[in-house]
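Some structures are shown below for you to check.
The following pair of complexes shares a single chain, chain A, combined with chain B in the former and chain C in the latter.
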Partner chain A sequence: MKAKDRVKSQDKHILNLAHIVGGARSILYLKEDLVAYDCDGFTIHKHLPKAVVFPKNTQEVAEIVKYCSKNELPFLARGAGTGLSGGAIPLNGEIIISMVRMKKLISVDLENRRAVVEPGFVNLKLTNSISDKGYYYAPDPSSQYCCTIGGNVAENAGGAHCLKYGVTTNHILGLEVVMPNGEIVEIGKDGIPDAPGYDLLGLITGSEGTLGIVTKITVRVLKNPEGKQTVLAYFDRVEDGSQAVSDIISAGIVPAALEMMDKTAIEGVEAAAFPVGHPKDIEAVLLIEVDGIAAGIQEQIDQILEVCRKRNVREVRAAGSEEERARWWANRKTGFGAMGAISPDYLVQDGVIPRSRLPEVLSRINQISSESGLRIANIFHAGDGNLHPLVLFDARIPGESEKALEAGSQCLKVCADVGGTITGEHGVGIEKREEMRFVFTEEEIAAQTDVREVFNPHNLLNAGKLFPSPGRCAEVKKEMKAQAIS
Partner chain B sequence: MSLRELDLKQEPPCTSGLGNYLWSDPPDEKKWADCVHCGMCLESCPTYEQTGQEQHSPRGRVHLIKSVAEGKLQVNEQFMDPVFQCLDCRACTTACPADVDVGGLIEEARGQIRQAMPLTGVKGAISKFFLHDLFPHQNRLNTLGSLLRFYQKSGMQKAVRKTKLINVMPQHLADMEAIMPEVKEPVKKKYKDVKVIKAIGETKQEVAMLTGCVMDVMFSDINESTINVLTRNGSDVVIPQNQTCCGALHVHAGDRDMGRKLAKQNMEAFKDFDKVIVNAAGCGCMMKEYAELFKEDPEMHAKAEEFSEKVEDISKFLHETGYEKPKAEMNTRITYHDACHLAHGQGIRQQPRDILLDIPGVDMVHMPNSDRCCGSAGIYNITNPEMANAVLESKMENVPDDVEMISMGNPGCMLQMAMGVQKYGRNQKIVHTVQLLDWAYQKEDGMREGEE
Partner chain C sequence: MITAESLSALKTYLREDQIVQSKDSSPFGNSGNMAVFPETEEEIAAVLKYANSNDLTINIMGGGTKRGFGGLTEKADILLSLDKYTGIVEHTPGDMTLTVKAGSRFKDLQDYLAQHNQKISLDPYWPENATIGGIIAANESGPKRLGYGSARDAVIGLRTVYPDGKVIRSGGRVVKNVAGYDMNKLFIGAMGTLGVISEITLKLRPVPKCESLVLVSFPKGNLEKIKAFGVKVLDSMIEPVSLELLNPALSDKLAGINTYTIAMSLEDVESSVRYQEEFVRNMMPGDAELLIYPKDKADLFWDRFYTHTPNGLDRELPIQTEGSIKIGTINLEAVSVLKDTELLQDRFNVKIESHGGLGHGLSQVTIRGAESDVANATAHVRDIAEKTGGYAVVTHLPFELRKKFDVWGNKPSYFFLLQGIKAKVDPNKTLSPNRFIGGI
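For the complex of A and B:
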């Protein structure tokens, strides 16, 4: 046996888990390797896992889960670790079950417009595998170059084009799930949509890895739109930009995507790897994409240009080539990572607001920024009111991380106050647990943890995520009651 | 050897280190400050593709390198593994939205590791032989070249292959032996007494040329082609005799002192020239990054930056200064492989393709993921054969079936891809971009002579 195939641990759990996954190449347990897994795209809370295991198939996942459950070891599933709310962070020293080696495209059935993938299959690879036949997979989170479809299901991921096509849950037809007791169940068998009974697909999708581990996914694929065109518009006032957004929607146009970036966000993307030359002194840039039957596109573009001009746009134009269009999108889609070019760390928030309240919300966010002394950039899926304030900070400065968290929380409070909510697509994870109280009462939260208990009764799977920690909420009362009874 | 023993053996020479980096020239804090852990680099990384493990991903490596500086990890065997498994292909640098210089961080971390844990035993001996005793010494390389020539010409190669003596070599060395190109006389030696190789026709400019070490021993015909192409397009070519190995292999291996020494010698050797033409992507990239080696020496740093401006890949130089379009039809179907240190390292992608497309009768077939590393990565295929082979296998899957040649701009890739062709039963010829251009010129000249 080669040195690297040997498991050099005395821990019986490590040895037993290694046995399940077939040896040292499929398990990490030394500190130096585990450090790479102490956080995901949310870097403020870090914790080392006990081990990371790499199963190859559903059976191995089920065996690992059974083992963890029998031995009361906390565990969680992880995809590419690009999540932004900390859903894959092992807060309790979990056994991380990495799904990335289960990355096969199992089948493509274009006649029935569906595909079956393993959870570690990367989002964009699905579109790349079927694009030559004229099809694509619609949900397109900005991290689609690397994020896995399994992770998308857990977080119910959205993306720029979800305005017209809907988020992940609208594209899931069937799931194979390993339940927290190790049982393998199939939901939405054969990918027939709208099966009778409760919508369990809808429940599992977006449950942030707290109800089960998805091991096989049947997704809907769509035919490529016949035509596509993108418009870029620069505004000197945020009010004009947001008014233009509302006008476009009221004109009856349903753009495939309608994105906005503010001045600080523009500074970031222009300083980073994919600049397009946006003017530095504008207050808002809009990126508007329409797609559909080729014949109608030009008419819609003309309408959009007209609306923007009415709203005092400084400059507005349609992409001159596919290459230009791709450049605009690369600039926008790498927007979060680009913040690295102007700040050592960032915290991205994910509020949803009624579109019409945007100018007001942005000015309150500006206020939060000046009060906290931290810069806040705004990237906005303007069409569906999904706002991403990016709080820029430097974790090396003592106290600044806490300040950033506080500023982020205040941004969400503003969103909730104007009649919106605290997350559109990134999930609650660790980050927004407490903020759940902005939108739910204690009873409403307790009702949801009751649902979790049906699936995950011992709370060994991804504990401490999605809901506020007990202490102030009804869960404690219930636990006390349970103890009293026993 | 345990770490404790190492601690006893190696007194850190300075105390101005960073966290648990105890030596001078530690990984540069500014480089990781840009990384926000977004993960956009993951899929670009060949070692992450193979292992699925994040300590073998760019973001994971940056995280580990940072953790040592923060005092959370030690520079030890376990840290060394991810840092040395990196192919240094720089694909992550292209993918990164914030332009994090992962490659630079890796090289700096390797410098620290090599000082904390000098290689010992067989590995140490091999490394010392290649990096100190062989590559910096052109005469020894030439001797090796002569020996290889003797090996090929004397019938020994045939004998070794026939008698199965080849089977006693480790598999990856045997694979390499099988594809060894025919070794010819190095151009540096050939033009030893020629001060200037004059341009054909009017002289437009004078350029110096780096002949390289592997290039000149294994592929001197590519150097010949480079000279032909340059002189045909109006350049006087000078081959400074005091030039040496570019130092890339040393820096990749963590031997930054040797890297600095070689860098200084080359900067001296080429100081009188405005342009230094390089036909090996790895060397060009290294020479463009000499300044990185002198972060703690402002004077040399400035000099190195100035020098780097003069260094240019042959394809970019031709593309910018203009070249005569060949008239002879080559009638061949080819594909193009982006050498990492050309595409990711120097941002040169379109220029070589344009040159190839300007050759009449060249039918270019697209290679999917053409800028994915082939696994050569300097001497990585010797030090990490298992990973190198896995990376090569996935590269070969992308080579289109129906092409006759694979063109590229780096000798390391050429050896590795030739190995891939041999190993996976393919039949493509591996060529350098300038070779194809030179052959087209030669064919044209041949036709003209035929007419006369």
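For the complex of A and C:
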């Protein structure tokens, strides 16, 4: 064995895991290396993993999982680590199984509109690999240039264009999964729809890595729409902007995207890297995109312009060029990061509301803002009701981080109270475990943990995520038992 | 066994007229020794809870169109009918969401929504009889699945009554939701083996401003050419909502054209629909024939389409035995499924009507003939499906034939997971015993 392949550790688990993945180049176990894996895109909780292993194929994943299971070592899978709710944080000192070396595009079958990828394959690369043939992969989370499709499956990721085309679960046709006992199962063979039996594809997608480890994914790919046009509209009153959104939808138009930003958000994006000259004194900007058969686009654009005018729009216009359209989108898509230009720190929330309740929700969020003394910007996937309140704060001021977390949680409470939910695309992870109680009863949470027990009976796979703890007496007992064992 | 004691116990939850003791009999089974008609969710929960703790079994029925779909229990102790559990709970036109009680008839809902220029984007068989609950529980979809997706794309929230009487909500009333496990998916297509779906929240679509039906028929019946045409359509920029191949018998029944025909529904603004019609006219092969139906004529076509399959609601068996089979394959294999099943007609002296979606890979084959011939042909349909790597599930067959033929086919390798879920949710096997795959 070459020196660089030798593992310099006395820990038998490290040595055995290294053996499975083929040596030192496929495992990290020194503290200085592990620090990079102590959190994901949610940086408030941190914990070091015991080790990080980099399997090359499904068999290695299965062997790692079998080893961990046999030795009662907690473990979890990780993609690019862009998750915003802490789903990949090793709370219990897990063995992290990094999927980044399983990054092949296995096959593309455009005639049957499907592609097979390994979980570490980056989202945007799929579209880039097939765009010359006129096809694309629809789910487009803002992190798509670096996030992996395996991670997208775990989180059931969304994106700006899911209003018309749906989120990840609507595009997954098949999965190969390593179960928490190491068994490999194939669900949705060859991407054939409606396999007889309960819909495990749908259940596993969005289970935040707590039911199994996905090692192969069959996705649906779509033909590029022939035409596309984007409209920008400025409103002096949020109510008018919000009503315009409802009117567009009620007019029978299904836009590909329908985005809104409020005054504070506009201040942020205009101060950041991609300003487009939005007026500073308006209360809402709408970005509306329509796609489809080119011959039918203008008819819909005319109707959108008319709806906006009826709702007292200050200014409304369609993009004059592809370049202008791209600038509008760059301004919007970098919206979260742009808050850094007007605040040292910010916290992203991810509530969903019935879109007709927007004016009421925004006024309640304003109230939370004034009570907490923290500014809150709102970026809104208005078409599907997914609201991202961005709580602006300064972590250097003692107590302000806690205040921001509290304000974020209150925003989610408002969303839940109007009949909405606590997360539309970022997942529950660690961050929103307690907020699960805003939307589910103890019994409903127990119904979900019952399902987890079928797949993950010893709860070694990604424990402590998704559900509030202690959820109920039985959960407490189980945890106590687990502690007694370790 | 229903005893006098259990009957009087049920009467504490239900009025006399909600309990029917006359033996409900159907040649399709999935019946009960007595029938109950709850009108509230509390009543559903009370019946389930009572049955679950007293070793009684329950079959669930909506409109009854799927009584011939799965199931080896001719009569459970109780038949729970959702016939009286109907109505709209909430419709918010601005949010394009609808919450309804499970026993609501599909067509009633569509008629109501049409007043708001909205619709549920599903297209099941027998819309006048079928209930939304049954459609969701059986995960039924039609040709327009290509453009609009299936139940798993349309359902955003459910209330499900568990066998022990708990009501479990899943999803919600918003169109985007990743809080917790996506439990909706578990109940869609579960054939009532996990709980009674009592309330359903759906994401709606606008009624298209313009609609037409393009029928491209192929008198020479060359299936390679038909497939090539399908591939060309799928690779083009047009966006048909259906791309459904009909066999000659079905095409004849629906449109009077006795050749293989592709039915493309175009639904968009008018300029787009007209443009797509012209596009098809210009791209189709020279020996193909084109018919374009405007909306009213298209509606009649689709009405005939959605009622061409056998209906489990029938009280008596027709003279000829009927069977219907859903086949799942890789999308374009639908062509070879139709081609190969066509040959069974002469071989077994049966009549076959079939259709398959070139863009979604689901086909439906309906067989009519003498009982033994239908049974033999059905077995061969499964062979044909499995040869392509797909599956075949029999969605309609008389009870007696279902006893002899495993309508679900082989269990998947992960069957232990399905069994595990059933055991957690319904450990006493109270609900729909033996209705589903592998005896679940």
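Quick note on the criterion: the second predicted complex is superposed on the first by the 465 of 486 C-alpha atoms of A that agree within 3 Å, B and C clash if a C-alpha of one lies under 4 Å from a C-alpha of the other, contacts with A are read in each partner's own complex, and residues count from 1 in each chain.
Note that a contact is a pair of C-beta atoms (placed from the backbone, for glycine too) under 8 Å apart; a residue touches a chain by one contact, two chains touch by 3 or more.
Since the model is a prediction, treat every value here as computed from it, not as a measurement.
Asker: When the two structures are laid over each other on chain A, do chain B and chain C clash or fit?
Answerer: In the arrangement built by aligning on chain A, the partners chain C and chain B fit side by side.
Asker: Tell me the contact category for A:Ala36 with respect to chain B and chain C: first, second, both or neither.
Answerer: first
Asker: So in the superposed three-chain picture, is A:Asp417 touching just chain B, just chain C, both, or none of them (first/second/both/neither)?
Answerer: Touch status of A:Asp417: no partner.
Asker: Let me test your reading of the model: by the given contact rule, A:Ile253 touches which partner, first (chain B), second (chain C), both or neither?
Answerer: In the superposed model, A:Ile253 contacts chain C only, not chain B.
Asker: Using the superposition described at the top, determine whether chain B or chain C touches more residues of chain A.
Answerer: Result: the larger residue contact count on chain A belongs to C.
Asker: What is the contact status of A:Asp302 with respect to chain B (first) and chain C (second): first, second, both, or neither?
Answerer: Touch partners of A:Asp302: none, neither chain B nor chain C.
Asker: Looking at the overlay, what does A:Val352 touch: chain B (first), chain C (second), both, or neither?
Answerer: After superposing on A, A:Val352 lies in contact with chain C but is clear of chain B.
Asker: Who does A:Asp5 touch here: chain B (first), chain C (second), both, or neither?
Answerer: Neither partner.
Asker: For the combined three-chain view, what is the angle at the C-alpha centre of chain A formed with the C-alpha centres of chain B and chain C, to the nearest 10°?
Answerer: 140
Asker: Just to be sure I read the superposition right, which of the two partners does A:Arg101 touch: chain B = first, chain C = second, or both, or neither?
Answerer: first
Asker: Across all Cα pairs of chain B and chain C, what is the smallest distance in the superposition, given in whole Å?
Answerer: Taking the overlay as described at the top, chain B lies 20 Å from chain C at its nearest C-alpha.
Asker: Which parts of chain A are touched by chain B and by chain C alike?
Answerer: none
Asker: In the complex, go through chain B and note every residue touching chain A.
Answerer: 33-43, 52-55, 57, 59-60, 63-64, 67, 72-73, 76, 78-79, 81-82, 95-100
Asker: Applying the document's contact rule, which stretches of chain A touch chain B when the two form their complex?
Answerer: Where chain A meets chain B, its residues are 28, 30-33, 35-37, 39-41, 43, 52, 54, 80-82, 98, 100-101, 103, 120, 122, 143, 145-147, 272-274, 334-341, 344-346.
Asker: Taking the complex as given, what residues does chain A use to touch chain C?
Answerer: The touching residues are 110-114, 134, 155-156, 158, 162, 166-167, 169-170, 185-187, 189-203, 205-207, 211, 223-226, 246, 249-254, 292-296, 298-300, 352-356, 381, 384-386, 419-428, 432, 436, 439-441, 443-445, 447-448, 450-455, 466-467.
Asker: Residues of chain C touching chain A in their complex?
Answerer: 92-97, 117, 139, 141, 149-150, 152-153, 162, 166, 168-170, 172-186, 188-190, 194, 205-209, 231, 234-239, 268-276, 326, 328-332, 359-362, 389-391, 393, 408-409, 412-415, 417-418, 420-421, 424-425, 436-437
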